[in-house]
Structure formats: structure tokens, C-alpha cells
Amino acid sequence: MRVSIQSRLHYHFAQPADVLLAVEALDLAEQVIVQDALTMRPDVERRDVIGGGGDQRAKWIHAEGDLEIDYTATVDVTRIVRDLGDLPATPRHELSADVVRYLFPSRYCEADQLVGFAMNTFGDLSGGAQATAMADWVFDHLDYVPGSSTGVTSAADTFMSRQGVCRDYAHLFISFARAMGLPARMVSVYAPGIEPPDFHAIADVWLDGAWQLIDPSRMSDIGNVVRIASGRDATDISFMTIFGTAELKEQSVHVTLE
Amino acid sequence: MRVSIQSRLHYHFAQPADVLLAVEALDLAEQVIVQDALTMRPDVERRDVIGGGGDQRAKWIHAEGDLEIDYTATVDVTRIVRDLGDLPATPRHELSADVVRYLFPSRYCEADQLVGFAMNTFGDLSGGAQATAMADWVFDHLDYVPGSSTGVTSAADTFMSRQGVCRDYAHLFISFARAMGLPARMVSVYAPGIEPPDFHAIADVWLDGAWQLIDPSRMSDIGNVVRIASGRDATDISFMTIFGTAELKEQSVHVTLE
Amino acid sequence: MRVSIQSRLHYHFAQPADVLLAVEALDLAEQVIVQDALTMRPDVERRDVIGGGGDQRAKWIHAEGDLEIDYTATVDVTRIVRDLGDLPATPRHELSADVVRYLFPSRYCEADQLVGFAMNTFGDLSGGAQATAMADWVFDHLDYVPGSSTGVTSAADTFMSRQGVCRDYAHLFISFARAMGLPARMVSVYAPGIEPPDFHAIADVWLDGAWQLIDPSRMSDIGNVVRIASGRDATDISFMTIFGTAELKEQSVHVTLE
Amino acid sequence: MRVSIQSRLHYHFAQPADVLLAVEALDLAEQVIVQDALTMRPDVERRDVIGGGGDQRAKWIHAEGDLEIDYTATVDVTRIVRDLGDLPATPRHELSADVVRYLFPSRYCEADQLVGFAMNTFGDLSGGAQATAMADWVFDHLDYVPGSSTGVTSAADTFMSRQGVCRDYAHLFISFARAMGLPARMVSVYAPGIEPPDFHAIADVWLDGAWQLIDPSRMSDIGNVVRIASGRDATDISFMTIFGTAELKEQSVHVTLE
């Protein structure tokens, strides 16, 4: 299916600042970019971030004063959605280095602290059935409350407060998965139909030898989301990492199915 | 019923240190001291801690070198054990200052962080039924694992790890209670029949205008425990607070029903 | 000197809620109340919180809908300000139970975690010289940044972020003091000349057998502040503890020297 | 110079467990492996972890019962040690994806919480002078105390406790560097002359377009250390990550200069 994306970021930088921008859709077999364009006013110099193994198309820019960033894209998504419940866990000794790193706790995913709970709750399951039970648990036990979390809220906090937004749902799911030895990572996406429209955060879990998307918040249909970036947790996939300070003037995201 | 207590602490203090000692049974209507004796070798100077509203009979001692402390007591316990499930919560505006202070979070009881979970889980109940459900939850969801926690383990840690010892069971119960607006405090007791024999930590919850004992670990029979001290959390009721360092040589507690 | 106080709280309670109100000045030898009045519109029932050892004149009220609370007072402050640097620490074995409790860590004052730093930094000093060095350190190393902390910011957070408001300055000072075995507590006050005018939080440290006021933020002159409440940390001395939710409509504090 | 390595790990696995083993020296221009051998008794199946960009030569093994692992190596180290103080920071927009990831906080390096302190303390410096000042600060302000930290001690904990071991020195240095926008990562090494002999943890900081080794503990001479693995923090570079439980029987490390 064809997905149409329009995102706009308008910030004011009182002081010059380096900015890492990650708003562009990835061009993958499962999501082919028909056309896309990143426009900036003023047209500041941009530099592709080299490497990264295809995890994101981040760019470095140097911002000062007013900066308007527009990204438009048309993407054909042909992702085949598999029933995770049937997928086996990949034997650990087959995991490559690029996957192994997603077994470990990270800044906002304290998997090590949640091993006790995860063992008690999900210890009788394995593979895709276990991952599905984790995502169901997160959906069933959290309340979606805009404004209930901040940029430093971690999975441990969310496990106690029992509320959050998509970022928090993903962090908690990822923490459960890693606590049980399933590689999991965070994924930023454009998702049609999210209310209110915004960048969306979901998760990848490694099953049957591949990354499988899963949305513990159930806000999106993973058959039609468009991947932007992936990483250990929110810290790696921010659409805009500002090394300095900036004032938000306007931010909008429109994602529609054609 | 008559409870017989023998506790012994043997420590070595390489450097002189102030020590706050709280090992003596309280003399209360519900537990009458028939006889008791606190003996120290050498017989260091001891000073009663003045005040405290009957919460404990703490003493200051100044320790240096080897110190052996023996406490023996015979106590008649006539506590009437009420069925908490029937007791109403006390209206908040009737709570006195000495009880109000146990509504708030403390060092090891982060009640504020657990409000979300407590509301979702215990929000439909009130009073004694709510307190009982909390204690049942703690018993059902934690594993008693000696050595699984340390002196700085807090209720939030235990909520995630799902294991601990009596101290951790009490901290988590107290945190739930305070999260829902029920005053709760920690109580150190001598308890017959604990295996292995040791000082024991349980909780008081304020219901129907009085403190009601409750043991979330179900290790003791609250009809025959002997109160030593009470406070906000483990930090207030330690049987021995050492301002300095000491080496443990021997520690034993024997509590029997006559 | 004569201090004139006018404070006003206007809140809207969409749901009925119990509220613990602590806005009234204490009547003490060092601060004699000439006249004061607490007025509420509507005139909801109020109940004095019984007990508390003179630490505060808190009241329970039951609020619903719009509630305007006005407190006016005229207080003669005759506090003698002593030079803390000359005061000895009180020997520990002379501390009473009401002071001993302020030796321990609390929810927002993780004194136990800061022992290492405090020993290295203040270990060569004692008594009032030590307390003064701690307050100086806090003033010298923190930046006063309104909005940089929240209701759950603790002393450990502030020690790292190096910024905060009066509440955070007090929490960090109190944590240092307790880490070194000096009893310390938090005190809410009315303080003339604070900019912007607001409730103010400072600290008491126990030296030479009495509580001595100290303001690590240096915003107030402790010779003319008016004590409202004291407790282990911010959780105990809030001017308004709401058991439920409320919307702030207006809040103002005016404190002037006549 | 030629470095001779002998490390031995002897563990007992009561239950079968997957183990990620990272004890082998990297073969790099700066450290050429003359010969090395990894021997296991019994000779369990081993699988190279594929990929990882040369960060480590980790292997997956499946352990059960007694397992003795011996690693011996002879390595010619020709690393040129540069004076970091003269090296410029690399402009951010030249950082590649493999370096960008080391700008962010991780599980044990809460760089985000230490920005305030780092700005105040190191804000006037840049590049290698800044990195050197950070390493000096860590050395000057921490006490090396074996046993003072555990596997879950983080940089924030160490910043408060002011003590730790090589792991903690590295975590705190890395957190300061990231807080100021310098990429930094953790490195496990074999280091001649460490007392007691053990695996050692130091740091890499990205300056002048390359990773530069730095040892905030000053225990090793970075001119002769042998790199094993690098990663975001201790979680990534453990010499042995056990997915299950094991009992340590013997562990020894001998590293000598020939």
C-alpha cells in the first residue's frame, strides 16, 4: 500500500547548535521510497551520517536562528505481517554482533532490574508466544496518558506508574524481552491513523532470524508503518537531537494511506 | 500467652563508635513485660533516648573493642487479633500528626512512584479489605529469597525484582498502603517460630482509629509477636545503628512460646 | 522586628478532596504572633491536626469546587541569630528521639548515598564549622534556576544537575548534614524580600543542643523569617497536600517588614 | 613491545547455559597477535559472533557442568601514545554512525544527569584538554576501594559515593565525556602490571578523528595494554556474559612484558 508523509519541524535556535536529524524514511525491500524530499529554510548545510548499518538516514546540520524543516515522502509498504505467536526464538549462538547488542539493558530499558518479574510472568513461554504475551501485558496494564511521562522516564518508572505514551510502552516491552533473552530494539516510524498525528515509537523483536515489528500500544497497524530509525532506546532514535537548546515553534506530522 | 526472648549481639569495634541500640521489647497493654534485662560486656555507659512517643526504647551506647550485648525478656502477649477485612479506614481529617507522618513516602518506601499501580490494582477497595488485598498481593507476588536484597534495596526495587526478605515484604506493603492514603509504618518484632530465628520486620496499618499489625510475609503469627520499635521504614527501626564501622562476630535470636 | 504576612491560595477541586493545609505561622518564643487569621471561601469545615510536637499548625479541610484561602498575620520576630561557625555539635548520646529521627535519610534526602562525598569534602570539620561549610558548598556549586526541578527531584538529582530552587538547596544541605551525623530537617517559612515572593524552604541543623536555622540559598535573612512547618523533607512540610487533584487558579505570598 | 597473556576461567554450570565469551585479544595495526590460543575443557562447541565491526572477537559457547577456559597470547603492541591535551575534538558533523552512538547515555553511564556538573566543571575546556581534565578529576576525586561497587553500580552512584574500581572510574569518565558531547566508550584490556592481576577496564575517547585510549584509574600504561572489546559500558564488554547461572571456581589473569 502507498503511504504519504508530510512532516514539518520549525524551531528557533537562539545560539548556534549542532543537530542530528532523523526524520527520513528508510528505503528497504519492505518499504520502497517512490519519492521523498527534505527541504530546509534557510538551506543550511547538511551532512549524511556515514555508516550505521542501514539503521537510519540521519543527517548532521548546523542550525542558527529560525529553521524550518519539511520532509515529504511517498512510500510503498509491502511488509508481510507474520503472526508472531508462531515464530521460534533464534538460538542465541546464531545471533550476530549487530543483534547481540540488543540483548543488554540500556539507559531507558533497565532489563536487568525486571528479570524477576519477567521470569515469574513470562517464564513458561518462549519465542513469539512470549513476545506476544509481553506486548499484551504492556497494553493491558498501562494507561495511555499524554503528558504522564518526560524525556527521562524509564521502563522502571513506567512499570510502577502504569501509564505513559508510545515511547513508554515500547521501552517496557523491550525491557521485558531483553530480561528474558530476546533481542529487542526501539523503532521510530511514520504511522497512518495515529491520533493525534505525531512521530510514533514501536519495537522490533528478533524472532526466527529477523527483526519483527510489534506495537505494544496497538495504535498503529504494523502492516503500513514506515520505518525511520532504530536503536537501543529513545536516546538513539530521536527525530531531532539538539546539542544545545532550541525553542519549538511548530511541529506537525501527517501520514495518510493513499 | 507468654513469650520468652533471648537475643545476643557480639560485635568488634576497631574504632570507637556511637551506637543506637533498639533491641528491647516495648511495655504495652497488649504486651506486658514480666521481666527483662539488657546486659553488656564490658558494661559500657548507656543512655535512654528521651521521648519518641513510646515508639521504641532505644539507647545510646558508646562502643569500642569487643562488645557483647544480651537481652532476655519474658513478655505476656494479650494482643487481640482483629479481622482486618472488616475494619474501616479512619477518615483522614481525624488523623493526628503522629499518624499523618506515615502517609508520606520515605527513603525505602517510594509510595509516590507506585500510585499508578496501586490505583489500578487496589482502587476498588477501601479500609481493611484494601490493606488485606495489598498484603495478599505482596505474599503472592514475591519470592522469599535470603540474600536477594541489601540494606539499600527499596520498595521500588522489590516491586521489580519480585523477591526479598521480610524487610522487603514490609516495605512494599507499606508503600502500597501510603500510595492509597492509608497510614502505614514499619515495625520490628520478636516473633516465635521464625525460621531461621532472627529479628523480624512487619507492618502497622492505621484502621478504625488504631495501628493494626500485619505481616505480609506470613512468617509470624501477629497474635504472639513482641513489638520492639516502629518507624517510617527500615532506617528508623534498625536494632543497631552504628555511626562508624563494626565487625559482626555473632548474632542470635531465640524466641519461644512458653 | 515586625513581619506582615498575606498569603492567598485559590484552587478548583473538580472532585471532592481531603487537603492538609500548613500555611499558618507558628507561635514561638522567637516569633510571637500579634494577630493572624485564616479565612476560607466557602467556609469549609477545618480540623486542627492534633499533636505534632509544635512542628506545625496543620489543618485538615475537605475541599470541593472553588476554594479561596487567605492567611494574614502580624508576627514579631525576635530570633537571635548566632554565628554557627562557633557552635559545637551536640554529642550523639544526648540527642532525644525527636532529633534522632533527623539523622536518617528520607525520600528526597539520600544522605546514605552521599556519605563518600561528604566524608571527603567535610570530614576535617565538625559542628557549626562543618554545617557552614556545607551550606557554603551548596550555595557555591548550585545555580538557582526556576523550573529546573520538579516535585520528585531529590538531593541526589540536584547533586548531579547542579541546579535547582530553594527546595533543592535545602535538600542537598540536609543530606550532607545527615551524611556526617548532624541532625537536619526542612523548614517552610515566610521570608521578607524573597524575589519572586513565594513560600520559602530552608533548613534547621541541630547544634549546641538546639535547632539552628540556615538558608543555603542565601535568599532570606534568617533573623526575620517566620517558621511555618518542619519535617524530614519537602514531603512533610508542603503548604498544601492534596489527596486527589486540583487546579491552581491563583497563588500569592506577600511578606513585608514593617 | 611484546606482551604475554595467560588467562584462565573455571566455572561450574549446574544448568546448561549460553555464554558469550569475550577474552581474546583483537588483532589490530596497533597490536599484532604473534600467536594465540583459546582452549576449553571439555572442548565445547564455539561459534564466532559474526559482525561487530571489529569491536570484539566474541564467541558463543554452550556450557554445562565444569568448564575450564584458557586463553594464551603473545601480542606485539606498537601503539603510539599521543598527548591528548593537544588533540582537537572532531567536529560533530564529521562523526560517523559508529561513533555517534557513543554520544548518548547508556545503562551505567547516565551522562544526561551529569550535564550540569560537567558544564560547570569542564565547560571552559574543549577537545583533549577537556578529556584530560575529566580523567584527572576522576582520579583525584575517587578512592580505589575493591568491593565498594557491584555489577549494577552506575556512574551516578559512583559520582556520589566517590569510590569504586576500574569499571567505575571508566564509567564516570565516559559519562562526563558524553555529557559534554565527546564520544566515549568502554574498553576491556589486558594490562601488564595491574595489581592484583585481573581483566582491566579503561576508556576510549574520540579525538582528532580517532579513538584515543585513556585510563582514568592510572593503573595501566596505555602504551602496552592489549584491547579485548569495546562498547557502550560494562554491559557490552563483559569477558563472560552468562545467560543463566554459574559458580566461579577459579579465575586468573597473568599479563607480562617480555
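Every chain is named by a letter (A, B, C and D) in the order it is written, and numbering of its residues begins at 1.
The rule is simple: a contact is a pair of C-beta atoms (placed from the backbone, for glycine too) under 8 Å apart; a residue touches a chain by one contact, two chains touch by 3 or more.
This one's a predicted model, so the numbers in the text were calculated from it and none came from an experiment.
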When contact pairs are matched by residue number, over half of those of C-D recur among A-D, A-B or B-C in A-B
Comparing A-B with A-D, the busier interface by C-beta pairs is A-D
Taking each chain's centre as the mean of its CA atoms, chain A sits from chain B at a distance in Å of 45
So, in whole Å, the Cα centroid of chain A is separated from that of chain D by 29
Each of the following residues of chain B touches two or more other chains, namely 110
Listed in rising order, the residues of chain A that touch chain B in the complex are 110, 113-117, 119-120, 141, 143, 156-157, 159-163
Residue positions on chain A within touch of chain D in the complex are 18, 20, 45, 47, 49-53, 55-56, 58, 60-62, 92-98, 100-101, 104-107, 110, 112-113, 152, 181, 231-232, 235-236, 243
